[in-house]
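Presented sequentially are two complexes of chain A, the first with chain B as partner and the second with chain C.
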Partner chain A sequence: MKDWRYWLAEQRGTLLALGILIVMFIIYTSNHPAGFTANVVQTAANKGVLLAFVAMAQTLVVITAGIDLSVGMIFLLTNCLASWLVVGTPMQTTLGVIAVLAVGLLCGAINGAIVIYGRLQPIVATIATGAVYYGIGLLLRPFPGGSVNEDLADALTGRVFGVVPASLVVLLAVVLVIWVPFSRSVLGRAAYAAGSSETAAYMSGVPIRRGKFAAYALAGLLAAIGGLFLTFFTYTGEAAYASGNAYTLFSIAAVVLGGVSLFGGKGSALGAIFGALAFRTIGDLLFVFDFDPLWQPLFQGVILLVAVSLGAFALFRVRNRLEWFL
Partner chain B sequence: MGGIANRMPKFIRRADPAVLTAFACIVLLLFLGSLYSRSFLSPEYLLQQLKVASFLGVIATGMMLVILLGQIDLSVPWSVAAGAMMASAAAAYGPAGVALAIPFGILCGIMIGIVNGIGVAYLRIPSMIITLATNAVAQGLMVVYTGGFSPQDSATGAMRYLATGFTIPGVPNAVIIWALIGAATVFVLTRTGFGRMVYGIGNRERAAYLSGVDTRRVVMIAFAVSGGLSAFGGVLLAGYASKAAQSMGDPYLLPSIAAVVLGGTSILGGRGSYLGTVAGVILITLLQSILSVMQMPEAGRQIIYGVVIVAMLLLYGRAPASR
Partner chain C sequence: MDGAAPLFRMEGISKRYGGVRALEKAELSVEAGSIHAILGENGAGKSTLIKVMAGVVAPDEGKMTLDGRDVAFASPAAANQAGIVCIFQELSLVPELSVADNIVISDPPTRFGMIDRKAQRRIAEEALARAGAADIHPLALVKDLPLSRRQMVEIAKALARKPRILILDEATSALTATDVSKIFDVLKRLRSEGLALLYISHRMNEIAELADQCTVFRNGRNVASYAAGSKSDNEVVELMIGREYSHIFPPKPVRAASPAAPRLEARKLSWTDRLDNISLTVSAGEVVGLGGLDGQGQRELLLAFFGVLRGLSGQVLIDGKEVSIGSPAAARHDGIGMALIPEDRKTEGLMLPMTVRENLSFAALDQLSRAGIIDRAAEQRLIDDMVGLLAIKTAGLDIPVGALSGGNQQKVVIAKWLMRQPRIILLNDPTRGIDVGTKQELYQLMRKLADAGAAILFYSTDYDELVGCCDRVLVLYDGAVKRELVGAEITERALISSALNIHGEESPMSRGVEA
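Let's turn to the complex of A and B:
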């Protein structure tokens, strides 16, 4: 096979997600009363980017064959924290942003330490740490409120050169600064290898523990970037349990739509980003078609159910029934 | 092991260390509680705790069955809510509706469980994912259902009687129900072929399949039972609060998983006893009760709760060191 066919086979999930996104976005904008304008794109981007950050976070953990059910809660916690810290002079704001990101990194590192060095199952461990993070968030913001440096917030949620949504630029920057170096580093490869076959990776001397730990910690950081952005959009902090849960759930949906294998070792954060943007666009289709917003949770649930059921098509390729049981 | 272990009574030697730890923690919690207030050891308080625990106990029973298979059921929150809301709603349709309210609520839970079961057993979708998805769909259905018009949401007399009445003087009905369900579960798990199959699949599904077990059907039934028991828990809760509400299932997901896992059931499946789950349920309920008696705000409760679960799991829930 030629090189480009290998590349194509590897990127199939990502490209499929990009395709879904483009089709959905065309349907969305062509039925939107305002049409394809910079404003519509900006609003859609701002909504989608939040989920894209959380989905990227989920991807890092899913690649190691784990799952992080606390991403939504880290997202909430950092939102509440940012509504206290990201205020004041440019200097204070910068320090605040750094502090918020550090807290996200710390949350992720705690998850990683418990799962990897404590040898607990990721599902149970992250549900429990998620409760802790939610509790801390609620402690910080028992009632919705707070504020944020509005200059920074408007700059990051506005448009660059009047056309390109700034949030997409930030998303691209985060991909270039965090995802690309990570996925090409030894640690990133170790994370992939650990997800693909932990035993084989261990036998080959791959630093699986450090790789997985880095994946969990960076997941916390990415969720914190998402939390910061939520603060920039809403200007407030709020510890809403349902919203945290929804983000966790949607991050998994985005990851699945983005072609990342839940069994680990396969997929890319780019796919998850496209998956997240596509998922948001599909959810918003209801509005352009003038449905009652009441139907939105059901609609999103059905999309999720269909998306995860698509994985079942792999069953048709099973030659030996024993392959049913992983 | 040697000398000391041999001199201990047989039942202690045979017991799972995790179950013993869980019971030890219960005693410790009661002791700490009694230091805080004398009334912690009064029979009224303990009976009240047992009654509150029985709702979690019913839900955790289904969760345990699924976890024994090495799967997990994350659709508990809206299975509970759907059971409660549908049972209450059925009561609006005349006397027949009132009579069939409880079975109808449970049936809705079983339907959710069957969807989960089909996804996990036949479509081979990871249980964590498909149950999250059905949870979202169930939520969507309930939102659509309650949003369009306001359905009846108050519990029927029978539901209230099951949750709060007394058939035997001094013993709340809810506790009796939990005891019956528990006894049936112990019987099924230890005395029937189905129980053996559940443990077998939890240990190694491939081996169970090659031994001639229809593993897919067993998994499917387990999920259906889990959904049904969650819904039944919701019915009882609605009876207890005399009202069904949308988010009533949310506080039961983490506790039900925690109760099962703290009771020594392996999250990887194949290992665990119902006695452990009972211990886990009582432990969680006592912890919640003590935190609320101390008037701990919701935030503090969540934090302590998560920390305690992680700490206890680190004590005895760790996976073996790899390789």
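Let's turn to the complex of A and C:
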């Protein structure tokens, strides 16, 4: 009878992120010279989905109480690879897309194997693998270049029925095909359980290792989808180190904004997507208000601090001070 | 009763942890349709026994049979598969998941590869109803439930796995009286349905009400099995006593007729549901023990004195003056001069990768430095004194403290605090996991410090130590002081019976008549 209350409590983080996004987007479009038009939405969506895919990838790993500092580099590597492979006839293009996604999945699987079976800390392991992935990307594209099947690229970055941005449709499809089944599968539950309390999960006979491995591998796949989209937008491949790092760090920011707990076990990829889109909109807001773009990092930082502080209120309720450090 | 082959048997099970033997050729038979109680004092091997049964630890030797067939469990999941389900004392629930998620966690119902939420909800509701906890909403998150409700969820979760053998390890310790009576009805119904139940509890009245069969453990062995009700409480206590005395304790001083004014005093100290109106005094030169079963609030009491707990009610007095201690930093301050030797030296006592020297001087750095600069010469003198006083065996002061043996690590923890010359020393089970030789040295040190004028509050799970070291012992039960034992009253028998909250152990026959 009051099921909806529990549902609401569980989705609070996600809904809060959605709320922030809506408010920001309204402020943005109402101050935009062109107003709320299909064009404005399309541009915003195309910029936002890149971070949204990477943030989804980050979410999967963060749910297991880990962190993946290589997502941005997988994103770059797959971008460079796509600029070689996703070309030619429809048949060749399809095979190219499959190959790029497979490489992303493989990168994620390697991360997972190192963290789970090698028992290395996620933060160290993924810094190292991230450097390797970047290195391979750089070998593939020492200089920006390459090309992509432009028909496919234009179709996926354009609009469906003249109004809906195609990139958002793809994002929705990815949520339905990857996130929803994962979060409702036994493996997904194992990932959540392992993130929340690994000992309790072990004692309950949960397949912790498989759950965590699936989370890392799928994170690689999602980052690769982001990499593909980057290629569709830019028509080229480029191993830009700073951009890879920025995506990694922004993905963590988006995850936190989206109500996903860095301690693991809690949150949803939907929240992270809203968080990512909101985080992107913060940057655009400065643009419509004619601020100097130099202010952008500072402004984004302040918003992030405020959002993170909201999550820290629970500490005031702790009655045994030793729990602060758990 | 006899004639029926046991459902489950353990024969010659042994398990060692390092040099400590937890189980030594233990035997146990469990029959279907009965409730079997396991008794024994702290460290008698009960928890290890259960862990072996539940697949959490592998025994070093011995065999287990289920339905007459040999079995071995590689993991908790394997034991569950065989129908052995354990409700552990430390809860095995995942806090961020919902009650329903937790109940089906080991084997969720699936449809097309995804978890079937409707079926999950149905299973959870059934299990909660079977456990008599239908008031718990299946969608509530476990972390939002109070401890007593979580324990009910834990029981529901066990029932949802359709066990043949259900093990309850102190499963009622956090429950309210109403819940306990509900659970008892559930357990009796399960027994009539043919389940075998293994019931570990320190509450003698619960065992008297529930059990059909009892087995007493001592020093890792089963020393007696008997039909419930065939022995009096005092006979049971008698069976539980009888540890091997292996330690040499320093002689205790003769107590002065009128003890000195208390240095540390607590008046009506309460904190959440863990501490209940505790009043006590400790005078200079006195070693006061805290006894009782593990987890009755002793640890919290020490943390309360040391300024770690928030929302404490009651008064703490030092030298007769009321003080408010807000943090460990305040507690060690000169005016108070308190030191806490923590239970877990690896996380709360030492920084393992740092050197012996650094670890030793951390707590006293403020006293050793002037204007923020450390006086190296004074530091070295004090460190030399401490290493000599405690006979710390180390290859050098500049090696990581993690490289020392457990006993020497513990000495470093103690030395670190002694460098401040504390006036009040709180010890939280300081001898756990260290060798006998070091234990002896610690006992002597404790007495030496008391003679030098320190007030010592000493919690130990080893009754033997309390008997050997303490001038007085306060026995805690459910967060309250149940009994105070002074001088010659401190015996193992008195400690055990008051820890179990049994009264009248001085008149052995008085108990059997009632009930």
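Convention: the second predicted complex is superposed on the first by the 325 of 326 C-alpha atoms of A that agree within 3 Å, B and C clash if a C-alpha of one lies under 4 Å from a C-alpha of the other, contacts with A are read in each partner's own complex, and residues count from 1 in each chain.
The criterion applied here is as follows: contacts are C-beta pairs under 8 Å (C-beta built on N, C-alpha and C of every residue); 3 or more make two chains touch, one makes a residue touch a chain.
Just so it is clear, the structure is predicted and the values come from calculations on it, not from any experiment.
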Is the arrangement of chain B and chain C around the shared chain A a clash or a fit after superposition? clash
Touching A:G265, do we find chain B (first), chain C (second), both, or neither? second
Under the stated touch criterion, which partner chain does A:A201 make contact with: chain B (first), chain C (second), both, or neither? second
With the two complexes superposed on chain A, say which partner A:L249 touches: chain B (first), chain C (second), both, or neither. first
Now for A:S185: first (chain B), second (chain C), both, or neither, which partner does it touch? second
Between chain B (first) and chain C (second), which, if any, makes contact with A:G301: first, second, both or neither? first
Should A:Q121 be classified as contacting the first partner (chain B), the second (chain C), both, or neither? first
Quick check on the superposed pair: does A:N320 touch chain B, chain C, both, or neither? Answer first, second, both or neither. second
More residues of chain A are touched by which chain, chain B or chain C? B
Taking the two structures together, which residues of chain A meet both chain B and chain C? 199, 202, 321-322
Quick one: which bits of chain A touch chain C in the complex? Just the residue numbers, please. 2-3, 6-7, 9-10, 181, 184-186, 189, 192-193, 195-197, 199-206, 261, 264-266, 318-322
Quick check on the complex: what are the chain A residues that touch chain B? 67, 114, 118-121, 123-125, 127-132, 134-139, 142, 198-199, 202, 241-242, 245, 249, 252-253, 256, 262-263, 292, 294-302, 304-305, 307-309, 311-312, 314-315, 321-322, 324-325
Under the touch definition given earlier, write down the residues of chain B that touch chain A in their complex. 72, 119, 123-126, 128-130, 132-141, 143-144, 147-148, 205-206, 209-210, 215, 247, 250, 253-254, 257-258, 261, 267-268, 297-307, 309-310, 313-314, 317-323
Touching chain A in the complex, chain C uses residues 56, 75-77, 80, 88, 91-98, 101-102, 105-106, 108, 110, 113-115, 117, 137, 139-141, 157, 271-272, 300, 303, 308-311, 327, 348
